[in-house]
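Structures incoming, each one as structure tokens.
Each of the two complexes below includes subunit A, the first together with subunit B, the second together with subunit C.
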Partner chain A sequence: MPGYIYPNEFELQWGLLIVLYPYLTGLVAGAFILASLERVFNVREVQPTYRLALLTALAFLLVAPLPLLAHLGHPLRSHEIFLTPNRKSAMAMFGFVYAWYLAVVLLLEVWFDYRKDLVLWARNDRGVMRWIRYALTLGATDLSERSLRFDDRAGRVITIVGIPSAFLLHGYVGFIFGSIKANPWWSSVLMPVVFLFSAIVSGIALVLVIYMLTTMFRWRKVDVACMDKLAQFLFYAIVVDFSLEALDFIHRLYEAEESIQILSQMVESRLFLSLIVLQFLMGTIIPLIMLALVSPGLRKGGFVRLPPELKHLTYLVAAVLIQIGIFSIRWNVVIGGQLFSKSLRGLTVYKVQLFGIEGLAMSVALLLLPFVILWALVKVLPPWMDEAPGEAALAAEGPAAGLPSQG
Partner chain B sequence: MRVGGSDYDKYELSFTIASQCAGSTSVHIRALMPRYSGSRFRGGDGPRMPQQVPRLVFVFAVALLAMVIARWYLVPDTFGDIGHYRAAAVDSIAARPMKYAGHQQCTLCHSPIQEARLASNHKGVRCEVCHGPAAAHIAAPMEVKPSIPRGRDQCILCHAFNPSRPTGFPQIDPVVHNPLTPCKDCHDPHAPEPPVVPESCAACHGEIARQKLVSHHASLECEVCHAAPVTHKSNPRSARPSKPTDRSFCGACHAIGDPRAAIPQIDLQTHGQPYTCWQCHYPHHPEAP
Partner chain C sequence: MSTARFDPTRSRSEPPASPVLDRRRFLGEAAAGACAAAPFLLGVVRLPAAFGQQPDGAYDASEHYYGMGVDPRRCIGCARCVAACKTENDVPAEPHFFNTWIERYVITEDDAVQVDSPNGGLDGFPPLTQANVERTFFVPKLCNHCDNPPCVQVCPVGATFMTEDGVVLVDDEYCIGCRYCIQACPYGARYLHPETHVAAKCTFCYHRLVRGQVPACVEVCPTGARIFGEVRGRATPLARFMRFNQIQVLKPHLNTAPKVLYANLDGEVR
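This part shows the complex of A and B:
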């Protein structure tokens, strides 16, 4: 351990779980913004991923606070964040940002989008699923044209409200770090914006991976136009994200405050693998080049024309690399900010535990949990267009048809 | 109770509270229950307000009501009066029974121990730091005895190696420093000796010493390979011992041409260039030939 550190800096207070938290919320915000592309900005090509993106955002949002609860160690006190709100603390406002995003944005949008299908499914289902789906309609089974128009309008309004809300959710996480003025690695007004764009990158990449894998495992054909559009947006998002991060980096170098030496030392030693190799090289440069060459981001059809299967595989590899890169960004922010001493004269080390509440096993479990939740959500609310009851079903049963009697 | 105007009696969101005989009241809640009559699903020129709105209003109202009720019951009365905490907590903490007696009370009966402690490096460590709260012991000296830490856990709270502790503070690695031996077998906690200059390297580097003892290098003294400044023993982190930096150092025994045949020998010119020997071979436990 080179240099000098203060006694309270030997052990890191924020570990792997706090790395997970911004990573998960970033995926939520990014997936939702992808969904909004279709709903608000009428990007028809990405329509196959619209519902999947919403469910992905919901599944990850449900898990997002769990790392915090595990880290704090008093989950039974978590309700107090709502009961005794502390308006002077940005961290304490998390509960309200979260509740707003969950209840007013995501759940409502999913509900309005699925209501018609839920009613139609409930009419034809048997057993428990019928009642689950009926309960989810809240009894609002009116499928008249007027009612469906209201669903559509309400969903659109909620998405419009949801975009700034998604910005709020993840920008808030960046704000938490960016506003810690005592820490030169964190304190930056660019932090919320950088977080936001990295969130968009990670969300689009995640939905691309999930869409491609689920379509393959369902033995369906991947929508070429959709994949191209996703890759195109992913390319644009990663360009903006990379530019912002480069701006932040160059700004720090040019400012060359008294912390620059220890930060350079940290980047060259402790963070070399996670920042230079994983975040910069593997997570940004390589996917950027792959997408620039193959996706229609710079040129229609891409610079390198590949067969569709190979092109999709390239997208998949790029998206997985981006996920690794974004996780490394979270790691570098959270862990990096604690690796150097406030004396600016020494570095400490962080060793990940394997087991225990803050350990690797817990983090892996929390990373897998959203996929389990997503699986359950997909069972109840299939996002696939080919399984949605179409206009024919509605016309056949009519808006006023009731639920069939049981059995 | 019907929700809304005349049109809304179509909704299932209806509560019927019916008083029944024999003094009991039953509440029939038909909210959100399925009704299968076709009229429930009719649209077109139906209700003015979309059916979804009252359902969602109801759900959000229930959530809000639950929040208000929870606040009513769970937030203490004095919360926020003088800060973001329960003001009455100050009184309730003050009303708790005293557990700590203070070291002056201990001195009344244990003055020899106190004098020894006050003259030692533990003069700042009060009795109750190690022996726990002693108010009950003061009140009933014979009935309640304070705890006596006999293991290693208590001592290593302060004396386990931590690089952020000040230079010169006695620190050990609990894993390698006389493992399983209670600290008080060697150290008197009431009068710990000031750190003495260790006589052999093994006093601090026990793990390396033990490993070397079972290796082919057992007969080599530490000083053969390391030149330690005198101040290293009294101030180890400020003056570090040297390490061999030259391949020819190991080559003195291991280069081809040494008459001792049992010693592994290599050609220094070709073997493992350009690395120093200890970058590949661990000298405290070199691999068997």
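This part shows the complex of A and C:
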């Protein structure tokens, strides 16, 4: 062990599970902001991903608190955060921010968006699915023009409320780290903003990957305009994110505070792979160059014109690399912040356990769980526009047709 | 017209003595009585405190505000304090769990600083190998019982708190084990207890304080390197220590306002 660390610092307090938490919430916030592009900012091209992005956000949000819960010393006391929150604590707000986002933003938005389709599906379904979908309508089966207009307006309002909420959700996670003055690696006013933009990057990249893979496995054609638009926004988001990260980095180097020596030492040794190689080179620079050349981000049609299949493959590779990069960002923040001693005189090591509640296996399971949930959500609420009952179905059924008496 | 006879012993403002309580005297006495009773009525002063002690002789936290003085020049690195603390407070015996520990600083002529604290100092310190030592000294470390404690600020459920007498404690029954306080402590003074799974730290031996005893580490220190007492102007050993020494605190730029006060601390200590 080179240098000196305080005796109590040998054990790292926040491990892999806490790396997952900002990663998962970042994906939620990013996916939601992508969905809002279509809804509020009328970016028509990304419409095929609208519902998919909402369901992705919901699936990941349901899993987001699990790593936190698994990590607590006394998980059975976790409800105290709701019952007796310390109002001065940044972390105490977690429960409220989470509940607000889940209940008020995501669930309501999904419900208003799907209500009409749920009613129509339920009318034509057989068996269990019919009752599940009917239950999900909460009995609101009115499909009159007025109620549909209300659905649409409500969805729009919720999205408008949802954008600052998504900013709050992830900016807040950044604040949990950024407000710790004891830790020079975390303590930065830029932290919430960096978290936010990296969240947008990761959310768009994730929805791009899911959209492309699910479309391929359904043997449908990938929407070229949609992919181009996603890649374009991904490019812009990554440029902003990279600029903010660079600003933070240069600012630290230029100020060269007391901690600069130990932090440089840490970046050059312990974080070399995860920060320089994975986050910077593979997760940022390479995808940035790929998207700059191929996507319509800088020039209509891109600088290098590729056949659509190859272009989409490039987007896919870039998006996967970006995911690895964003995960590395979370790792570098959470683990990096604990690899140096607060005495600023030495470094410690983090050894990932394979099994156990904070082990690698658990983390992999928690990373796969949102996809299982998403699969179930997609079964009940298919997000594909080609499977949604259109206006014709509505006209044929008539708005007032009753539900349970059928079948 | 009757006039009062001149009396040189009586002040001019004083009204003539009257067999009945006149209005002026009544108002004056009522006002004086109200002034005397006000602190008690308003709760500014507690009745038992005014008489110095709880009626039943029990401990009164409002009477105290504790701090500790540490004089590194007196510390010989024997770590009796570390051992006493582990015994007194059931701190896990294995390394890497300490409420208090001893650091050894070795500063060589080329201004290189080496710090070590093998097993918190419990097993002694290995002999120095450097040839060109400029100065070397021991520094006892513990929770600083900050007046502006970041650990208390961040605790999501309020399980860690500051007592009325200025001691930062953790409620074992309430802590959820999120470890945010451990991250927020700039001094590495907290750890997660391996058996109870809650945050643990120095308590200034609060169970001893309420019995009128000093913390175990202070009690056993053979050289008087640790001085315990009141930080707010009472005639305790700490008051004398603060008056006759140059006082420093650790990491003052973080504005945590520690109540563990170091005398003549070397600038390399952090």
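Going forward, the second predicted complex is superposed on the first by the 400 of 407 C-alpha atoms of A that agree within 3 Å, B and C clash if a C-alpha of one lies under 4 Å from a C-alpha of the other, contacts with A are read in each partner's own complex, and residues count from 1 in each chain.
One rule holds for everything that comes next: a residue touches a chain if its C-beta (ideal position, glycine included) is under 8 Å from a C-beta of that chain, and two chains touch if they have at least 3 such contacts.
Remember, predicted model here, so these are calculated numbers, not experimental data.
J.: Contact-wise, after the overlay, does A:Glu9 reach subunit B, subunit C, both or neither (first, second, both, neither)?
T.: both
J.: So, A:Leu354: does it touch subunit B (first), subunit C (second), both, or neither?
T.: Neither: A:Leu354 stays clear of subunit B and subunit C.
J.: Should A:Phe150 be classified as contacting the first partner (subunit B), the second (subunit C), both, or neither?
T.: first
J.: Answer with first, second, both or neither: which of subunit B and subunit C does A:Thr84 touch in the superposed model?
T.: both
J.: Does subunit B (first) or subunit C (second) touch A:Lys181, or do both, or does neither?
T.: So A:Lys181 only meets subunit C here.
J.: By the touch definition at the top of the document, which applies to A:Thr141: first (subunit B), second (subunit C), both, or neither?
T.: first
J.: With the two structures laid over each other on chain A, which partner does A:Leu344 touch: subunit B (first), subunit C (second), both, or neither?
T.: After superposition on chain A, A:Leu344 lies in contact with subunit C alone.
J.: Just subunit B (first), just subunit C (second), both, or neither: which does A:Leu108 touch?
T.: first
J.: Of the residues on subunit A, which ones does subunit B touch that subunit C also touches?
T.: Of subunit A, residues 5-10, 80, 84, 86, 88 contact subunit B in one complex and subunit C in the other.
J.: Enumerate the contact residues on subunit B facing subunit A in the complex.
T.: 11-13, 31-44, 46, 50-52, 55-56, 58-60, 63, 67, 70-71, 74-75, 79-80, 84, 162-165
J.: Within their complex, state which residues of subunit A touch subunit B.
T.: 1, 5-10, 79-80, 82-84, 86, 88, 103, 108, 111-112, 115, 134-135, 138-147, 150-151, 154, 399-405
J.: Okay, in this complex, where on subunit A does subunit C touch?
T.: 4-11, 13-14, 68, 71-75, 77-78, 80-81, 84-86, 88-92, 94, 176, 180-183, 337-338, 341-345
J.: Taking the touch rule as given, give the residues of subunit C at its contact with subunit A in the complex, in rising order.
T.: Counting only subunit C, the residues touching subunit A are 95-98, 101, 103, 113-117, 119-120, 141, 150, 153-158, 174-180, 182-192, 197-198, 254, 270.
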